[in-house]
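In the two complexes that follow, chain A is the common piece, with chain B as its partner first and chain C second.
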Partner chain A sequence: MGIVIQAAAYGIVVGAVYGLIALGLSLLTGVMKFLNIAHGSLVILGGYISFWLFKLWGIDTYLSIPLVIIAMFLVGLVLYKLALSPLLKLPNIGMRIDTSMLITFGLVYILDNAMTILWTPNARSVVTSYTGESLGFLGAKFSVTGLLGLGVAILTAVALYFLLSRTYFGKHVRAISQDAEAASLCGINVHRTYLISCGIAIALAGVAGVIIISCYSITPNSGLSWLLISFVVMVLAGEGNIKAILPAGFIMGLLESVSALAVGAPYREVVALIMFILVLMFRPQGLFTKRG
Partner chain B sequence: MAINWKKLLIIGLIVAVFIAIPLVMKLRTNIMNLMITLFIYITLSQSWNIIGGYTGQINLGLAAFFGCGVLITHFLWESGMPIYFAVVGGGLSAVILAGIIGLPTLRLRGVYFAIGTFALAQVCRTVVGNTFARMVQMPASYIASYSIVPRYYLALIVAIIAIAVVYFLINSKLGLAMMAIRDDEVAAQVSGVNIFKYKVLALLISAFLAGLAGGVYAFFRLSFMYITAVFSHTWTFEPIMSVIIGGSGTLIGPILGSIFLVVLSEIFALKLGEAHLIIFGILFILVVLYSPHGLVGSVDKARQLLTHINRSISKLRGEIQA
Partner chain C sequence: MLEISHIDIYYGELQALWDISLTIGEGEIVTLVGSNGAGKSTIMKAISGLLKPKSGSINYDGICLDRLPAHRIVELGISMVPEGRRLFTQMSVLENLEVGASRKTTKEVKHNTIGWIYQLFPILMERAGQRAGTLSGGEQQMLTIGRALMSQPKLLLLDEISLGLSPLMVQEISRVIRDINKSMGLTIFLVEQDVYMALSMAERGYVMENGRIQYQGDAKALLASEQIKKAYLGIGPTEKRAK
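And now, the complex of A and B:
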């Protein structure tokens, strides 16, 4: 029994990270109708920024989060201006999705290889004074970094939820995700909203990267594996269902850690793919959406 | 369809030249290697062209079908099957893999197919990496009898098959249905095209060609230090890149793109190492954004420009005379 609880403790933390990555992804997909294949690489980039802040200036990982958010927000703005905004000229949404996938797939190559050159292919992680510490709870041991990561992820998700539901900016985002043309006719500055939500989505990826580098380790090519499971989380939650994403992430994380007990940790991606196919076959609208 | 004798003659001549090259002169091995790589790229990019260029479904997991072809061909060949049958076996195994991912994802519109194929490539890489942790290699007797010429011919045959498949496809009812789906899925469905059936058919044909290309690669390479390398996303990215650079949804585009890519990477890879992939990525994004019809499209544009200039010159001349 103890080992199951321990596995669940692991699964909740990793699930929070999946949820955070999937939040950024689904913000991009829902609002702008872009599918960002490079999101995983941006997560890793955020991790490396935090790594550098720690190595060069000795800034603690979790304290570096605001700096990483600012840096990744800027990266998101640049990305939008250079690569994604030309797509808005395309005649229909289907073409926009397809082209954005191709462009961000190219971006994966640029980012991954640039990161390999900058930070070498070795696995990197940050070791702080509290890295090895753990707290006992219900017979399971939570590592301090994991708990901090879990807290940061939940806080970020709640902040994003309030931003989307309580502010004028959030109202704009929701209006645009329903109908961009009508929103534009009502006087919403669509381009500015796109720009800012792209920045926010990439900043969320950066936060996820910080949690990953403090709890686990990163290599320049590990982004795609995180991205893949976050895609599945997005499908589990259902299209455009921002509220359900963090719970879906927890479900995926728990499933992964329990299946790791049964079939072994290297096969976590296989579990994710099977889950993906099952959801598409039986509940293509997602686990949390009521109407079919 | 009417047979265009002039075209047929030109194509026949080109094929004859490629068949004659190893018979007439003894090329250096590195040039032969380059040619075989080129043929594999042509096959792969035509394979992606069928599903991505003609049917409009973005496949981000070509590497899964390619790698599956490599693996199955390798083991069939090792168990004593003649290589030509083993390659076909590799192609069929890729078809089965495509069915597993295609049937659930192609039913739905949107991004699911892209995510599913992408996930498939990643999963294959993980599973194969864990199953075959050792080096995958052929017995010594196979390595001792290595000769480059049969590899060249097999690669040539498979590339010709791929081009022929695309050619006959686009002149058939199946091809028409595929292009209708690409241009407007809803309109095609309303006109009575069974879009699910044709999407799946396009995927299966495409996967079969990718599997064949994998078979050729298994025959060409013999041994693999890291078998996961054949499932790496490079095998998806570079064929997509050659299709887009050449011109997607055309017969000649992927061929031009493959030549461009193989020659360019031969020049760059030696001098720049990892940085050459960065350059490729930037080039790819620029082409997708600013020249979505690729080389073929720019040739058409240049031709239009020329006729336009010609017309205005003759108009000017007419005005001067009058």
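And now, the complex of A and C:
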């Protein structure tokens, strides 16, 4: 029993990271109809920024989050201006999804190789005074970094939820994701809302990167494996269902860690993809969406 | 107030409008009628900035609208009720109205505007918390008009508001629109397939066929003219009927 709880303790932190990555992804796909294959690489970039802030200026990983958010928000703005906004001229949404996939696939190679040049292919992690410390609970050990990461992920997801449900900006985002043309007829500046949403989505990726470098380690090309499972989480939550994304991340993380116990760690991704296929077959609207 | 002069519009390679000119004066109700596919909605899209004319120009109070994006045109005081309602169905009635007031100056007075719209359409107040997708067709149409009024426009464009509504609902909505026009001097440009309803509401009318304007003039005169009767109202020449 203890070993299952221990696995769950691990899984819930991993799940929180999946949830954060999927939040950014679904903001991009839901609002702008961009499928961002480079999202994983941007997660890793966020991790490296935090790594540098720690190495060069001794800024603690979790305290570096506001700086990482600002830096990654700017990266998001540049990404939108250079790579994604030209796609809005395409005549239909299907072409926008396809082309954004191709472009961001290319971006994966650019980013991964640039990160290899800057930070070498070696695995990097941050060791702070509290790394390795843990708290005992229900006979399992919860690492302090994991608990902090979990807290940050929940806070971030709640903040995003309030931003989208309570603010004028959030209403604009939701209006645009339902009908961009009608939104522009209501006087909403669609391009500016896209720009800011893209910044927010990439900033979320940065936060996920910080949690990863504090709890685990990163290499320049580890983005795609995080991304793959986050895509499954996004589908699990259902389209446009922001509230369900973090819980879906937890489910995925728990499923992964428990299945690692049952069938062995190398099959983690297999389990995730079987889950993906099952959801698409039986509940294509997502686990948490009521209407079909 | 609004002057369209000699515009041509293309969808890709396909020309949809040929040499369209029309004017709308302040405080007027002007209508544009014609059969399905004549290009009425295309003109609406050109005024509201969703489509750009290839040649010709659209002027509004001396400002050229040709190169402006749709949201800037709303800021200038032109608001459109799009064909097919296009509500944000997953959002509440109140949220739909709020999204209509996106401009800073209208945002500040949005509570007053919402109060006014609830007076015009009391049913919307009852349904305020409900998701827009759950409203009936008529209520949805009222909400779209309410949403368009939230930006406090000077010119209101109405695209096919009678579509799919019961005659009673059409009457009710056109009464409200006439009221707003009379009491506030709001200029109305009405695009309709329901030729009788549109021409009896409006002061002046334009009749479109195959991307061109065929007839124009006083709405009452158009309604009485033989060509219009024959082509759109399903009434033959009066002498024939008398026989």
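As a convention for this text, the second predicted complex is superposed on the first by the 292 of 292 C-alpha atoms of A that agree within 3 Å, B and C clash if a C-alpha of one lies under 4 Å from a C-alpha of the other, contacts with A are read in each partner's own complex, and residues count from 1 in each chain.
Note that in this section a residue touches a chain if its C-beta (ideal position, glycine included) is under 8 Å from a C-beta of that chain, and two chains touch if they have at least 3 such contacts.
Everything quoted here is computed from the prediction, not taken from an experiment.
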### Query
Which of the two partners, first being chain B and second being chain C, lies in contact with A:His172: first, second, both, or neither?
second
### Message
I'd like to know which partner A:Ser184 touches here: chain B for first, chain C for second, both or neither.
### Response
second
### Message
Let me test your reading of the model: by the given contact rule, A:Phe162 touches which partner, first (chain B), second (chain C), both or neither?
### Response
neither
### Task
Spot which of chain B and chain C makes contact with more residues of chain A, would you?
B
### Message
Just checking: does A:Phe137 make contact with chain B only, chain C only, both, or neither of them? Give me first, second, both or neither.
### Response
neither
### Task
Would you mind writing out the residues of chain C in touch with chain A in their complex?
48-50, 69-71, 74-75, 79-80, 82, 86-91, 95, 98-103, 106-107, 147-148, 150-151
### Partner chain B, residues of chain A touching it in the complex
29, 35, 37, 83, 86-87, 94, 97-99, 101-103, 105-110, 113-114, 116-117, 224-225, 228, 231-232, 235, 239, 266-267, 269-270, 272-273, 276-277, 280-281, 284
### Query
Which residues, counting only chain B, touch chain A once they are in their complex?
56, 58, 60, 100-101, 104-105, 107-108, 110-112, 114-116, 118-120, 122-123, 126-127, 130, 185, 233, 236-237, 240-241, 244, 274-275, 277-278, 280-282, 284-285, 288-290, 292
### For the chain A and chain C complex, residues of the former touching the latter
168, 171-172, 174-175, 178-179, 181-191, 240
